[in-house]
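What follows is a single structure, written as structure tokens, with notes after it.
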Amino acid sequence: MPPAPGARSIASGGRVLILTLTLITLTSSLLATDPGPGSIAPPTLIMVNDLDYDNGESLTISWVPSLDDVPGQSEVVAYRILRSSGGGQEATIGTVLAGESTFVDQSVNRDSAYVYRVATIAANGGEGYSLPTDAVVPNREWLNWDLVWLFLACLVLGGSVVFFIETARRGKKLFVRKIAGLEAIDEAIGRATEMGRPILYIPGIQDMDEVETLASLTILGKVSRQIADYDTQLFMPVARSLVMTAGRETIKTSYLEAGRADAFNEDMVRYITDEQFGYVAAVDGYMVRERPATIFLLGAFFGESLVLAEMGNSVGAIQIAGTARPPQIPFFVAACDYTLIGEELFAASAYLSGEPRQLGSLKGQDVGKGIAMAVILIGVAAATIAELTGSGFFAGVVSTLQNVFTTR
Amino acid sequence: MSLDIGVWIGALLTLGIFSFLYRDNPFYKLCESIFVGVSAGYWFCVFFFDNMVRKFYFGVFPSEAGIEPKYFLIVGAVLGALMLTRLIPSIGWISRWPLSFIVGATAGLYMMLFFVSNGLNQVADTMLPLYRETAGGDFDPAETLGTILVFIGTFTGLIYFFFSKEHKGLFGGAARVGIFFLMVTFGAAFGYTVMSRMSLLIGRMDFLFRDWLGLLG
Amino acid sequence: MAGHWIAVAINVVVGLTLVWVLVRTIQGRPIERRIVFVYIALAVATPLFMKLEAPLAETPEVQSIVTTIKELPPGSRILISFDYDPQSAPELQPMAEAFIKFAFKQRHKVIIMGLWPLGPDQANQAIRAALEDPSVAELAPEYGVDYVNLGFQSGNEFVIQGMGSAFKNMFPQDERGTIYDNIPILRGVTNFSNVDYVQVFSSGKPGTREWVQVAADRFGATVGGGTTAVQAPEMYPFLRSNQLIGLMGGMTGAAEFEKAVEELGKANTFLLSQMFAHATVIVFVIFGNIAYFRSRRRDASTDAPTPGGIS
Amino acid sequence: MNRTLPFLLTFIVGFTIVIATFSPPLDRLAVDTAVFFSIIAVFAMILGGGNLVKINLVKITRRQRDWQFAIVTLVGFFFVLIIGLFKVGNPGGVTGQVDAPGTPFFDVYTYVFVPVGATMYSLLAFFIASASYRAFRAKNREATILLIAASIIMLGATPFGTMLTAWIPDSLDIFEVPNLHFFLMSSPNLAGQRAIMIGIALGVISYSLRVLLGVERSHIGKDGG
């Protein structure tokens, strides 16, 4: 992949700041309507726009097509865009087909000023040149002011999470309700120990660039810490090599913390294959042969969720599942003993740690939820009043709120 | 019946996998082992050529003149090479550096992605009047009911997810309403999943009867 | 036609045996799962031989895609991303074929790409199928002028983000190795602002969700989705909020699209099997629950432990 | 040192990407990070592939159960690896696309990979049927709602639903299955989806902050490890 010569801002809205507007007088364009033999009308009204909030790596040139450029006729073939900078040589930087009226120049530097001309190219080889534009310097913006509301929202939410982490750290007790699936973990590990059968931990089938996988590995940290205490056998088959490495690291840490470094074994974590159902086939085989007493299915799951959960159910294991993918949740609900739904998966590691600071972060995200609910309530109420009474004030409230909460 | 050897291999493998439905058997195990080995090798090659050769090598040493080399990619390769320190147990802890890099990048990236698309925009889209009119200006009962349900469901669903309050009393009642809405969502997901899986089975049957046996026009 | 009647006969017989299943289930002796498997196999296979036409309702999700495409002036540029692999082809290929035929007949320019390695190959198959259609062949769409396949680019949603700056950055050349700037259809196409519509066919991640999040939300592209049925429910929030213009969900969505654009194809053939399979699943859910309620009532009256068999 | 550097790396990389969202000159960072990830993943695959080979070799040498199939797995793995990495039979030679049509690598994909994968996937249809007979019980009010919704969707998704309720008069057409189907999908389902999505967003943000701020650092490991 070649480097992007002119990467532009991700989200600059549609607002375009017109820096330069070079008007070719009406007279000259009228004159151009009567071209002599071999000559052709040039494009007019050449404008050079610099996009708001970009990296200063592109300029957009637009024009009013030549009067000879009539749809369905082939007198005009194309437009040629010429550019010069710093009084240097003028060069063609691009050509577009007849009928087009814009060109994005992505080969500009922030430090230079550019002058453009656009030429009509006729079928008979004739060319009609526009007047040159004023010089334009592409502008770089360090901050995208279109996103200021997003930034503030980040600050509020991030701030509340950090605030409660701090509050908890200073020793204030924070209440967190029971989450059944997580309460059951102790029991599930204990059961495997009693039965003398292994525990199977499945961290989903996605790689480390998926936040659900990260969450699953943090839960693995807490779970394997307990497993180390109980001295129960743990097996974790994975579908990604990176997850294998990270999983080993996580389990090893837990075993070290439990003072059971001797019991740790790299083969607890095993890479199977990246292929979804190749992985499933192997894990199913393991379940049938080894009959694990407890199965954790936590992470990003797709179609394989049902196969794994059904198979685990049929070998009589206690199953604790969790995913943020709604399509897979019903199958977990049906075939597993406990299911963590969406947000609960991400809260699980904090909950399991029991550490005040971690629990504080849950409180912080509840504040976020509270704000979301309050905004929804106000927004809906205002929208309803506006709809019923036609009040401009309430309509204004709604559109302001929507504006704040919409980033597209 | 097909004369194409590829179709035959495909059909035999298909039957081998289907035989698992009766019980686990050597024919199935054979297909499974082939699949595990072949797929691991396949993805290794694809990732190698796509990531190492195309992205990394041609990123640092562009094949065409005039393209700026991306030397910073070498940092990525160094991080990657650090993963291999795991092969030497005494310095294996160095592999935490690339892992930390990945964890940080993933956390940072997803934070913003989910905040915008899953969070803010969904909140904004729920702010609709609970009284809806048709295009002609009359009261629209269906739309009104729909909007009210979306509002109640979203609101109570969020209550269900509250962690710092016990589900008791009025709050607990609301959370219960919320879980009902979640159950409809899961029911819908179930229905659609059935649909999807059946389609795949239809595809396989079509392959066996049409492409292999030639029984269908 | 013989196949049709044999299939119908088999279905009548199989339907009658369901009574036996019901009786056994009520008696607390549920049938083995392997017998359930046989029912599903028959429910899917036999309708393939039947020749019946099934009625189909119109849904706003699918119709809005059709209307959007129809309202575009001829010569509009449509970007299609093929984000699936052969494993999901049974669901998505019929959809893709019908869509491409329709786009060609509306005389639109089609730009193809894929975020899944094998997507562009599926696209080529769909194009081949479309070109076999006599009425499309008549229009003789030309590669490079009327359609182009940019191939696969890895990087998931980052590819879409990169395309927001310039398509060329992500796809320096097309699948056949032609330099981006030398492809006539791509002249003047810098980024999303130069395409009129984006259609995604997806079966997972990256897929329609990522296109909505990046192309629609960040760059304001008009995005329509075509997903496997599994993915469809997740798309409704985007649909309701107009982040997604329309949606074809699974085989039914494809069948409806085929009907709406008068391109009856595979999806309509498969729909009958789909219908029988669904009916079978529903019947089994009902049977299972009848047995469950009866056993519960027995428990309540005799205080006996839960009978086994249902696990 | 063993813990501080990884923590700093996580912290700096994470927050740089967050800040980059707001800064046009930096917004390519996210794209470049993804390339880094891909490169690191390839090195990790060496470890994964090595693990696969090791496990199967152990199985064969110790004559563990089903060791014969371990040979099949290894042969399949190395066969594909060799024809892939050395581009055996590739018309484009060593510079050709590895999975170009016409190569043995592509054939393996088309004739082994696709049919087995698709069939494995379609096994799900059978599992769903048996699950619906044995597992989907209206055990309580929640489960009942789930089942009813699922049934309406399954009916509404095929012509079956249309036929079943076609007799309902037009004035009550909201009760026809296709309409119920759309109503369910666009209202209660949407509400549930939205609650889940907003919840997940908050969960991810809180989780990410815990990771980036080092409150949660199990991925970093323990000193001296």
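Order of writing sets the chain letters: A, B, C and D. Residues in each chain are counted from 1.
Rule of thumb we're sticking to: a contact is a pair of C-beta atoms (placed from the backbone, for glycine too) under 8 Å apart; a residue touches a chain by one contact, two chains touch by 3 or more.
Please read all numbers here as calculations on a predicted model, not as lab measurements.
Across the two interfaces under comparison, A-C and A-D, the one joined by more C-beta contacts turns out to be A-D. Innermost chain of the displayed assembly, by C-alpha centre distance to the whole-protein C-alpha centre, is B.
Centre-to-centre separation of subunit A and subunit C, using mean CA positions: 24 Å.
With each centre defined as the average position of its C-alpha atoms, the distance from subunit C to subunit D rounds to 18 Å. Touching two or more other chains at once are residues 18, 21, 30, 34-35, 37-38, 40-41, 44-49, 52, 99, 110, 113-114, 116-118, 120-121, 123-126, 128, 130, 132, 135-136, 146-147, 150-151, 154, 157, 185-186, 189-190, 192-194, 196-200, 202, 204-205, 207-209, 211, 219, 221, 225 of subunit D. Chain contacts: subunit A has residues 1-2, 4, 7-8, 10, 150, 154, 157, 208-209, 211, 214, 242, 245-246, 249, 272-273, 275, 277-278, 281, 303, 306, 313, 326-327, 330-331, 333, 341-344, 347, 362, 365, 369, 372, 407-408 touching two or more partner chains. Subunit B has residues 21, 29, 32, 35-36, 39-40, 42-43, 46, 50-51, 55, 59, 83, 86, 96, 99, 102-103, 105, 107, 110, 112, 114-116, 119, 121-126, 150-151, 154, 158, 161, 182, 185-190, 192-195, 197-198, 200-201, 203-204 in contact with two or more other chains. Within the complex formed with subunit B, the subunit C residues making contact are 3, 34, 37, 40-41, 44-45, 48-49, 87-91, 117, 154, 157, 212-213, 217, 228-230, 232-233, 237, 240-241, 243, 249-252, 270, 273-274, 277-278, 281.
Residues 30-31, 33, 36-37, 39-41, 44, 54-57, 59-60, 86-87, 89-90, 117, 121, 154-156, 158, 161-162, 229, 233-234, 236-237, 239-240, 249-250, 252, 271, 274-275, 277-282, 284-285, 287-289, 292-293, 310-311 of subunit C are the ones that touch subunit D when the two sit in their complex. Residues 153, 161-162, 164-166, 169-170, 172, 184, 187-188, 190-191, 204, 216-220, 230-231, 233-234, 243, 311 of subunit C are the ones that touch subunit A when the two sit in their complex. For subunit A in complex with subunit B, the residues that touch the partner chain are 1-3, 150, 153-154, 157, 174-177, 179, 208-211, 214, 242, 245-246, 248-249, 272-275, 277-278, 281-282, 285, 288, 303, 306, 326-331, 333, 341-344, 347, 351, 362-363, 365-366, 369, 372-373, 375-377, 379-380, 382-384, 386-388, 398, 401-402, 405-408. Across the complex, subunit B meets subunit C through its residues 21-22, 46, 50-51, 55, 113, 116-117, 121-122, 124-125, 150, 185, 188-189, 192-206, 209, 215-216.
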